[in-house]
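What follows is a pair of complexes built around chain A, which joins chain B in one and chain C in the other.
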Partner chain A sequence: MSLALLAQATANGLSLAGLYALVSVGLTLVFGVMRILNFAHGEFVMLGAYASFWLFTLWGLDPLASLAVVLVLMTGLGALIQTTLVKRVLAAPHLNQILLTFGIAVTFQNLALLLWTGDLRAIKVWYSASSLTLGPVSLSLGRTFGIGLAMILTGLLYLLLFRTEYGRALRAVAQDPEAALVMGIPIQRVYILAMAIGAAYAGAAGVVASVSMFTYPLIGFLFGLKAFCVVILGGLGSVFGATVASLILGLVESFVGTFFAQGSSWAEAISFVILLLVLLLRPKGLFGVE
Partner chain B sequence: MRRRVTVATTGVAVLGLACLGVPFLLGNYGLHLLVLVSMYVALSASWNILTLAGQLTLGHAGFFGVGAYTSALLALRLGVPFPLGMAGGAVGAAILAAGVGFICLRLRGVYLAIATLSLVEALKIVVLNVPDFTEGPIGITLSPVFRGARLPAYFVMLGVAILPVLATVWIKRSKLHVIFGSIREDEGAAQMLGINTTAYKVFAFALSAFFAGLAGGFYPHYITYTVPDTAFNIGLSIEAQIMPILGGLYTVAGPVVGAVVLTLVGEYLRTTFGAANLLIYGIAMVLVILWFPDGLVGLGRRWWQARVPVPVREGVADVR
Partner chain C sequence: MPLLELEALDVCYGDLQVIWALSLAVERGTIACLLGPNGSGKSTIMNSITGLVRPRAGAIRFQGERIDRLPTYEIIERGIAHVLERRRVFPFMSVLDNLLLGSFPPRGKAKRSDQLARVFALFPVLAQRQAQLAGTLSGGEQQMLAIGRGLMARPTLLLVDEPFLGLAPVVIRELLDIFARLNREEGMTILLVEQNVEMALGMSHRGFVLESGRLVIQGPAREVLESVELRQVFLGRP
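Let's look at the complex of A and B:
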């Protein structure tokens, strides 16, 4: 194991971690605020990736520019899904909540399959072939952008949560919805905010994914599974936990993929092993409160 | 009440005769559809058993896949004939499920849903990554059962389908009905009343997976092959959920009605519009959960009760 290889594996791991963080902070935020685990969350990633792909293919819009469009679109979609569908099951049994969001996921997934086929789609932008080289480490520019974007957006989310009134409302509802309601916080609107943020962040992850990997209908499902592992490891409802857990999963996957024989095919199983261990040993996760 | 019993009995008798008689009139394609319908009845009825005990799982394909691979591997490596392979598949799935149930003891709601959803992907990765034992992505090819004759294959699958339905009837009529119901409604309270919820949950897992594994154990012998992508297919899990939901959760008839309707509708959609069936299932799942959570059976019951008012039997608690 050479030092250069270690550095390279760390860089690759960080780029994975950035993607996982973008997907999972929203998922865990929505759970923290509404106590609903959105099984359709991964589909926001898929839709974001396709939006970026089509904006580029049809109008030549650079993914960096379409990021703004995707953020707006996904915010709207998140709010729409919250107000039309998820709102109706807030007081329903877990079973109905899980099956509803799972049904939404199945619908989006197969809509994508039907409309855009199961082909793997790739974007060729001017920076696709170029990469950032730092000593022995080289990382494609798309991935580097991904890491930067993940850091900026996660930072912004922390600012929003801990430095604004909206964030205070989100945290208040997460702590105790009834008390928050009594204090005059419009909790239904806070729910919409949480879902919109979650969808927008997942959509951003989709844009990054569309540049640094392939776009296909199942990508959302697979990212969703990873995000479930991350939020459980970090502790359901904890945004900080999700950030830390993303780093852990990203780095571990990258290391296993780099340093073990046939590691890359087994790396996919890492998240399930972690999930299983956490569920067995510490179901509330690293930073969970429950 | 008397009247409803008569209606139900007549219905079951007609259905039974149809199951036994109609196949003789059908060609190969019709028989194939009946085999599929039976397989889905087995899957949806067995998933419903877990739901009866309050265990919402999203990974029924995992149990089906383990059944399929156990049975196929027994045939490939040891030359075990298919009935024994099926039994092996069922037992294998039941053991796995008992383990899952045991691991997930402390897990409720979303945790269990995630764990079971991930289980299928994890199993698929394992099967793909040990090609020396499982043949990896190429899958396992088997010689056709009954030399390819569809009629006996249908009767085997029919038997596989009837078992979980009978098990549901048994659960509904025994004290398990009350025990499962109490775990479903409030597990803490059930524990406090002295119910060993651990044992009953593990039992529900094992029982449900046994039937899914049985169906999985026969299917590869019927279609003569199994590959990881079809055995551990998320689509199967989805179908095993949407069928009981559409038909009517927690009922005996619901999973059967749902499986029959959706398999035929799905086949129609698949042959006319291509791969639209899962899309329709997704939409149906959303609509049913939001607007008629007691499913087709519930709708039918309400329609029937509006037409024929049923006098309430005195002294008998209203059980779902």
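Let's look at the complex of A and C:
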């Protein structure tokens, strides 16, 4: 294998990893504070991707500008879903929680199908064609932006978690909700914050995806499934674990796709193999504590 | 007017009633203890005061105002700190982060650095271990952290649930001294749950004894200690 190919595979892997990280940090955060698996999480990605597509198609808005709009809209949607729906099942049996979030997912999928049909949508922006060439590596500008964005947003999340009052409160709720309550932490607000961040970050991933991949009503399912792999691999509830697991899966998938014959068809399966192996050796995931 | 007043409280878990028509009052500036055998409902009462459990009937008043419908964070903001049973420090956070969480409520945040200095003066070991993860502290240190964390919100009333459980006698003496100082120097009101009857009554002005969710004895600590009924509750009725 050539060094150039290696570098190229790494670059592609990073771009995949960035996307995975944006989707999965929110999923793991929501699980960490509420102990709820949000099966509608992938649909936030789908909505973000469509928002980016329509803003571009109808008003010619550049996805980089749409990003700001999407972050705001998805924050609002996350907060709305939390306060109107998820809040009601927090104390309910797990089955009810699964049914609710699964129901939200199916609703959004069908709504998308109804409103926007099942067509594959793509947008052509100036930077999806042009690429950045660094020595032997060439990465489309769209993907470069994606990596940068993932790094910035993930960095901001760590700043929030480790440098702010509410970040500390989020971590406290994840460790011991009852003790957090008697610290005087308004726990419902913390829940809203977690869901809003989750939705906004997944929406951002959708914007990134809309530039380099097709958008259609079921992409949320695929992203959701991948995010579950990442989150379980990293350890349920661990934001750091999800970040590391995103890197691992992104890079491994890219390497397998690049270096093995018919690798791209194996790349998907390999994620599950890694997941199974890790779970056999370490049932709580790489950085899980439970 | 008492600082804290529980009136005809009924508390249930599902259909199971565990507290029956309980009334008690804690006067400002005093130390009171809540005694009773295992499972008699002591923690349930403490948890009702801070809203972790919601009473089915009755009223809870703090500084003369009803608090039993308020969300927990508002109850804390009014000046009640609750040191939970089994310490419950945040194990994967530093000692300092744990303490700062104690001053999450506005009333604590406003005077955060003063209060931190005060807590470090009371528990010098916490100052030395600021950066250490709370889960790696010894049992005694964790209890000090749990109490220190409660003090960070500058409470008027401190609720402490079984603080001495499993601690070495030297540490227990140290904590007893701290409670006495808080009460004497800051006029802090303390309501304490304890299994060790003599120790608890020895440090308190007033004692309350629970049996199967009902208040069966109350009065000045010395009188409770000498009462015949106390022996009946703890040794079983003849």
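Brief remarks follow.
Heads up, the rule we're going with is that the second predicted complex is superposed on the first by the 288 of 290 C-alpha atoms of A that agree within 3 Å, B and C clash if a C-alpha of one lies under 4 Å from a C-alpha of the other, contacts with A are read in each partner's own complex, and residues count from 1 in each chain.
Here, a residue touches a chain if its C-beta (ideal position, glycine included) is under 8 Å from a C-beta of that chain, and two chains touch if they have at least 3 such contacts.
Note that the coordinates shown come from a computational prediction; the quantities given were computed from them, not determined experimentally.
Once the two complexes are laid over each other on the shared chain, residue contacts for A:Arg88 go to chain B alone; chain C is not touched. In the superposed pair of complexes, A:Gln175 makes contact with chain C only, with no contact to chain B. Shared-chain residue A:Phe39: touches chain B; no touch with chain C. In the superposition on chain A, A:Gly103 makes contact with chain B only, not with chain C.
Of the two partner chains placed by the overlay, only chain C lies in contact with A:Glu165; chain B stays clear of it. In the superposed model, A:Gln262 lies in contact with chain B only, and not with chain C. Between chain B and chain C, more residues of chain A are touched by B. With both structures placed on the common chain, the touch criterion links A:Ile185 to chain C but leaves chain B unconnected.
When both complexes are aligned on chain A by C-alpha atoms, no chain A residue touches chain B in the first and chain C in the second. If you check the complex, the residues on chain C that touch chain A are 50-52, 71-73, 76-77, 81-82, 84, 88-93, 97, 100-102, 104-105, 108-109, 149, 153.
The residues of chain A lying in touch with chain C in their complex are 165, 168-169, 171-172, 175-176, 178-187, 289. Here chain B touches chain A in the complex through residues 51, 56, 58, 103-104, 106-111, 113-115, 117-119, 121-122, 125-126, 128-129, 234, 238, 241-242, 245, 249, 274-276, 278-279, 281-286, 289-290, 293, going by the rule given at the top. Looking at the complex, you find that chain A touches chain B at residues 31, 37, 39, 85, 88-89, 94-96, 98-100, 102-111, 113-114, 221, 225, 228-229, 232, 236, 262, 265-266, 268-269, 271-273, 275-276, 279-280, 283.
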